[in-house]
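Quick one: the structure is below, and I'll ask about it shortly.
Going in written order, the chains are labelled A, B and C, and every chain counts its residues from 1.
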Amino acid sequence: MEINSKLRTILEKIKENKPLVHHITNYVTVNDCANIVLALGGSPVMADDHKEVEEMVSIASALVLNIGTLNERTIESFILAGKKANQLGTPVILDPVGVGATSLRNQATERILKEVKLSVLRGNMSEIKCIYGIEAATRGVDSVDNPLEGGKDIALQLAKRLNCTVAITGAVDIISDGSRIFYIENGHPIMANITGTGCMSSSLVGVCCGVGEGSLFGAIAGIIIMGIAGEKAQQRLQGQEGLGSFRVYLMDAISQLTMADIEERGKAHELI
Amino acid sequence: MEINSKLRTILEKIKENKPLVHHITNYVTVNDCANIVLALGGSPVMADDHKEVEEMVSIASALVLNIGTLNERTIESFILAGKKANQLGTPVILDPVGVGATSLRNQATERILKEVKLSVLRGNMSEIKCIYGIEAATRGVDSVDNPLEGGKDIALQLAKRLNCTVAITGAVDIISDGSRIFYIENGHPIMANITGTGCMSSSLVGVCCGVGEGSLFGAIAGIIIMGIAGEKAQQRLQGQEGLGSFRVYLMDAISQLTMADIEERGKAHELI
Amino acid sequence: MEINSKLRTILEKIKENKPLVHHITNYVTVNDCANIVLALGGSPVMADDHKEVEEMVSIASALVLNIGTLNERTIESFILAGKKANQLGTPVILDPVGVGATSLRNQATERILKEVKLSVLRGNMSEIKCIYGIEAATRGVDSVDNPLEGGKDIALQLAKRLNCTVAITGAVDIISDGSRIFYIENGHPIMANITGTGCMSSSLVGVCCGVGEGSLFGAIAGIIIMGIAGEKAQQRLQGQEGLGSFRVYLMDAISQLTMADIEERGKAHELI
């Protein structure tokens, strides 16, 4: 009840406000991220030069930092934009893609966590475990772990430590703001077979956090929308249709998603 | 009559010559730009390092500069490539994405306009107003204005001042070379809901300007083709098909576009 | 018989091992490359900063170097990653996109060939001729030559000289490891009308070389899979479907490709 009421408000506000989401993101999935923001009713802008990110984030409703193809130049931009967003009270979402795989990613993530106050940290179990401090075998940008029982404690403790919402996405998504814990059981395994479903989830979280309803329900909203769209897209597949069609149907589903879909299909529940 | 005759010539020459269009462009929509150039029968090449842009533009039939994700490195390349194109008489198209949003974009645009002679400047109303000098609320890369009555004067005056063709795209497109003014009423509002329709229009203008029929009709051709393809793509949508399918159908429509489509659907007219 | 037996083994091992393929590649087709690696059952990772490429390639099963949008920064990364891969015995695939078009591309290619031992060099006839030393008119990244009779000698001799497998792709693909020569007659001309079919072929070769069955059959496997998928995708097209649909169907075909498709459609044969 609380969840659907919150999600309804978020969807309505997105329609009204068309929140501008500034991304400093990777060049692999950036087009998908821009399109999914538009499909949900937001407005994307991508800008990564250190000379303009502070100005750009100043006109944005949310900032998404994604380290998928980070480099020395963009790491500085992450910090500058993040600090500016903090000054302005603009929510910052971090997607620590592939953290654990290289020292550069670990150091960049540490620096962001130290210098920027996040609203939402969203990653797969490997990435979140790495940040939490548990040795996790990282396999590039793919998750090798499933959100097991331990996930809820990691999400809760890390959210407390970082004073933000932590979202671990996978077969089951776990979301905590440090006091409450939610599970989402939407989505389909095929989503892991195209690139960018994680990045796109973070972008949707950015849109949903950009309307002033807080980071916990912003994160829940973005992630449940992605999961439901994945289910709907998968169910449309037939015959010769494979991953190419799935990507198209996923974007179709986001652009046609309504509150009725969430009410009918949503499987989010609070862990008491 | 004059318009269709010119467009027919341009389409025929594209088929014959397969013009190579050198892009220095953003990483958000670059794949769409490459594919749309191919779909219309041109040949795209993307190269942005300052050490190679002069050589690359030397073998090209047109140069498209798009500042969507500019940085200090690529700004130098814009200038080098633009100057070389000027020396060779190769048409230069500028897409000043998001100008007005940050000082970096404003300064880069000013520098390009000062050091490079453009053939076509193509932007939305906010961007063109910003360059013209009217305070325009810029909202990232989305246009917040519609091409109102004032648009035709801005296009005409700016075209005179810059000595190039100015194209303002929106619900109605306005194109002027400083002496004549054309309106195009093709297209569909859904086009604003996917990323890259502006960038792709500029790329199509690049292809159409690369066959030696001048910048005014090159701009008209590229923009009317985009608008007609958008209409055809939108009309194919049914049932669960949304923005994912629309993007696919848009590329389908460009690749199947014929002179008959333009004769049947084209809504370009000169403002007497 | 030998070919199909080898390809069967390679496909089975891809399913078992999900090889991680590290790309340092261009930003035009990078999303297509990531998705095609996933569609075949591999796992892609893209990382190009000189501070992390050695670590990243250390956890990968293959390295794909693609110079499509090279710059000074990434050239250093090509070398660092390539040398590290050599130390570890990890196969390196080079896609010399547009070599011949600019001095920067020529110099970068020369440097890679001098400092890195390749497993596979894959390019179109213009690119391979350029590396071989024959003056070839290069037209950006498009091939202007067809693999003529001369192709087999170039492939054979260059493979001997570089001590690697050389694959020339085009209307007919020619693949040699310096002692044997294979022809592949799969594919369809429409494949040249979308961007990235060359890049995607190189990525598939990366996946197929990442399972320890050698570079000759790794190259044959990747290229024949791309050709067959192109044929199947083209055959699905009907009515208003053009290049947009073709791209979708191509990815569908890769994700649904089975050994039965290869047995039924494969046209690879050794040149005795």
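As a working rule, contacts are C-beta pairs under 8 Å (C-beta built on N, C-alpha and C of every residue); 3 or more make two chains touch, one makes a residue touch a chain.
Predicted model, so just to flag it, every value in this text is computed and none were measured.
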Self-check item: Rotational angle, Cα trace of chain B fitted to chain C, multiple of 5°
Solution: 120
Self-check item: Same or different contact residues where chain C meets its copy chain A, judged by the half mark
Solution: different
Exercise. Averaged over CA atoms, how far is the centre of chain A from the centre of chain C? Could you give it in whole Å?
Key: 33
Quiz prompt | Overlap residues in chain C, where contacts from two or more other chains coincide | solution = 27, 31, 247-248
Quiz item: In the complex formed with chain B, which residues of chain C make contact?
Solution: 26-29, 31-32, 68-72, 98, 101-105, 138-142, 193-196, 240-245, 247-248
Exercise. Please name which positions on chain B make contact with chain C in the complex.
Key: 20, 22, 27, 30-31, 34-35, 38-39, 43-49, 51-52, 55-56, 59-60, 73, 232, 236, 247-256
